[in-house]
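Questions regarding the structure given below will be posed in turn.
We just call them A, B, C and D in the order they show up, numbering each chain from 1.
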Amino acid sequence: MMGSVLPPCVDDAPQPAIAPAARALTEAMAAIYGRGWCDGTGGNFSCVLQQEPLLLLMAPSGVHKGAVAPEALIEVDGQGTVVRGSGKASAETALHLAIVKQCQAGAVLHTHSQAGTLLSQWGLAQGHLELRDLEMLKGLSGITTHACSVQLPVLANDQNLQRLSSLAAPLLPQAPQGLLIAGHGLYAWGDTLPNAMRHLEILEFLLEQHWRQLLLRAVAPPPCT
Amino acid sequence: MMGSVLPPCVDDAPQPAIAPAARALTEAMAAIYGRGWCDGTGGNFSCVLQQEPLLLLMAPSGVHKGAVAPEALIEVDGQGTVVRGSGKASAETALHLAIVKQCQAGAVLHTHSQAGTLLSQWGLAQGHLELRDLEMLKGLSGITTHACSVQLPVLANDQNLQRLSSLAAPLLPQAPQGLLIAGHGLYAWGDTLPNAMRHLEILEFLLEQHWRQLLLRAVAPPPCT
Amino acid sequence: MMGSVLPPCVDDAPQPAIAPAARALTEAMAAIYGRGWCDGTGGNFSCVLQQEPLLLLMAPSGVHKGAVAPEALIEVDGQGTVVRGSGKASAETALHLAIVKQCQAGAVLHTHSQAGTLLSQWGLAQGHLELRDLEMLKGLSGITTHACSVQLPVLANDQNLQRLSSLAAPLLPQAPQGLLIAGHGLYAWGDTLPNAMRHLEILEFLLEQHWRQLLLRAVAPPPCT
Amino acid sequence: MMGSVLPPCVDDAPQPAIAPAARALTEAMAAIYGRGWCDGTGGNFSCVLQQEPLLLLMAPSGVHKGAVAPEALIEVDGQGTVVRGSGKASAETALHLAIVKQCQAGAVLHTHSQAGTLLSQWGLAQGHLELRDLEMLKGLSGITTHACSVQLPVLANDQNLQRLSSLAAPLLPQAPQGLLIAGHGLYAWGDTLPNAMRHLEILEFLLEQHWRQLLLRAVAPPPCT
């Protein structure tokens, strides 16, 4: 059975060819690298090319994500097997697939930012990071007021990504379009690549804001009236 | 009655066409995004196309402000109704209109920066942030010496923008070309778009400086002679 | 008497025309703006077009230094009078001229950076900032080892630039290619524009480093063996 | 005896000409400058053109590393003598050569970043900086799990680079593709230029992360469950 071809990677009309999705994903990766969120060969990025059967477009493991050519991307099936292109799929593909399947995500963006790494270790003992009372939260799908509190899950890091994905699974339905892996970084997602990018920018903003809040409140509490 | 066409958005000679103003506003938005001041779909930006009757050019709600095409901008009348272009006007249009009317502003720039968000929460209890003794203050229209003290108003955030605008109204005449909404961000304005940009850069500089001052003075007070 | 034409603004062979110096200065200003060191209309920048009689090329007062066209620069004589171009000379021209005359500078770059502003206020009571034991100091002309201590003068800000220049004068001969004005920013200079740019980058690096040192040492002193 | 021509500077097939290696090295230097890691004339960068006899391609001493033309690079032999091109070899060539010979490095990148300078002084008394439990460590060749601890050596700075290189020599075999010189900066290396760049990005990330960890943990320890 041939699955229906649905490319949620791009916002435009359905694209039968892979080229626009590949170009959109490599441009997204270059922009993310430009912000310092995937130095070295850190991070990984995928988008759904087809839902039935599932087909993910992603960067191969171990390459620099800031300068990948569209032709160098690989296609991976729902079991994480490379079905097109040369290169190995990252071990982290397991978590990308779990997010795509459980959250109906069309794109998953995994970054290694300074604030994400810092707060993922800081919040591990509590198991989550609380983000609240900020207008920026409204940039996350489904949130309509700043007067809310969001719990970003924090999981311990694990080189066994199947085990890590199993632990992540029960947290995904309530996760605010993202989760943190301790000492590792952020996963953000969305139903399309542009929406995943928006969620990534929002969550990275909130993480950077959170650690500045922690510093400032600790050393210089706000004055009273 | 046809209103007179006065495009205060650009510094040059009067422009009968909308194109130069639209290009100037989208370039300003792209520059603001490049500085990290409107991540996600945060922020909004407008300039006056015509004073009588009032006509505002602005970005539609919910789009990424860093990559708006000039043709995608909308025109909004003095009641906040979209009169040209497709897309919804942001709820924040109410505050843009209040500022334009009360401050004779030709452009209003609303950002979500790290320092603006941080200090808007920090200064809420006091209701203002005091900025003083800095040469950069002279970049704000009407200030001619560093030896002055400026109070940047801080208002509580509110999803009801009509109510928020009513609370802002009495503060606008004394506001130093800007005000903060707590947990939300900065509004800056000016009689033309270039002057609003200058005020935005100045106020964002002063906010970034203010939180560094708070940190440094708290942990390492200056040495005496 | 016609003075000899010596353009120390550029490193290359003597340039009879003003164009290369104007282009070099506007490119330097755009690069400085790109680093966030002259937001708003902050900062000013000059280079010597001719020594005898003195002729300075500089940006007019009140313009945005990041986007000045070479043709928009003005020429100023040794008394600070505009002798060519349209626009007003900044009041700060007095200090530019004092530095050029006393330090044989070929270019003077005056910035408003975060670290410069912060530490200029922090160091005012002592009257200087001590920079020491850093390899980067060797980028300043005349310094050949990191094992040295340099005192960067800090003067109180003053809207009377003649008075400020008189107070600066006795400090200039010992100043390490730069000085700070409190709550205002840094002046850096060099015998040519490229050397002034090098000194500016070095001093801005050292200022940013200094405030990070102050923060880190105050809250987390180095571990002993 | 003519040595074999092996250009480990570039990942591609062997290049008989110097041009691709020179272009790759100048592009790397421009990118490093763009990140603020070699301001002024700070830093130095080399790659191996030929192993037997050893031939290093590098920037001459005292130039701005962000804007070197490929033709302006010099070639240096295994004793640090310039054998091609005009300009002086930096005194730091001695340490580049020691690293190339002892670590089989194909490229050596020496930066002056804020975090590297700060932590090199902070860690000097202990003689090393401990980096641990971070996924980013896996970007360093030979490391396969985040659950590890890496000791980045820290040496005292010395203007006598022969003496400094002798002190570095016994530390190089265990060094994690890099070492710090106190108050000076980072040396990072790799078997090829792209791998050296990857190690540089990883180590700079880890240094920036380390000082943020020190700040945050000191003033706002993580909450317990």
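By our rule, contacts are C-beta pairs under 8 Å (C-beta built on N, C-alpha and C of every residue); 3 or more make two chains touch, one makes a residue touch a chain.
Everything numeric here is computed off the predicted structure, so don't read it as measured data.
At the chain C-chain D interface, residue numbers used by both copies make up under half of all numbers present, so the two copies contact each other through mostly different positions. Among the other chains, the CA centroid farthest from that of chain A is the one of C. Centre-to-centre separation of chain B and chain D, using mean CA positions: 44 Å. Chain B and chain C have Cα centroids lying 31 Å from one another.
Contact of a single residue of chain C with at least two other chains is seen at positions 215, 219. Residues of chain B that touch chain C in their complex: 133-136, 139, 144-147, 194, 198-199, 201-202, 204-205, 208-209, 212-213, 215-216, 219-220, 222-225. If you check the complex, the residues on chain A that touch chain D are 39-42, 64, 112, 114, 117-118, 121-127, 157, 159, 181, 183-185, 211, 214-215, 217-219.
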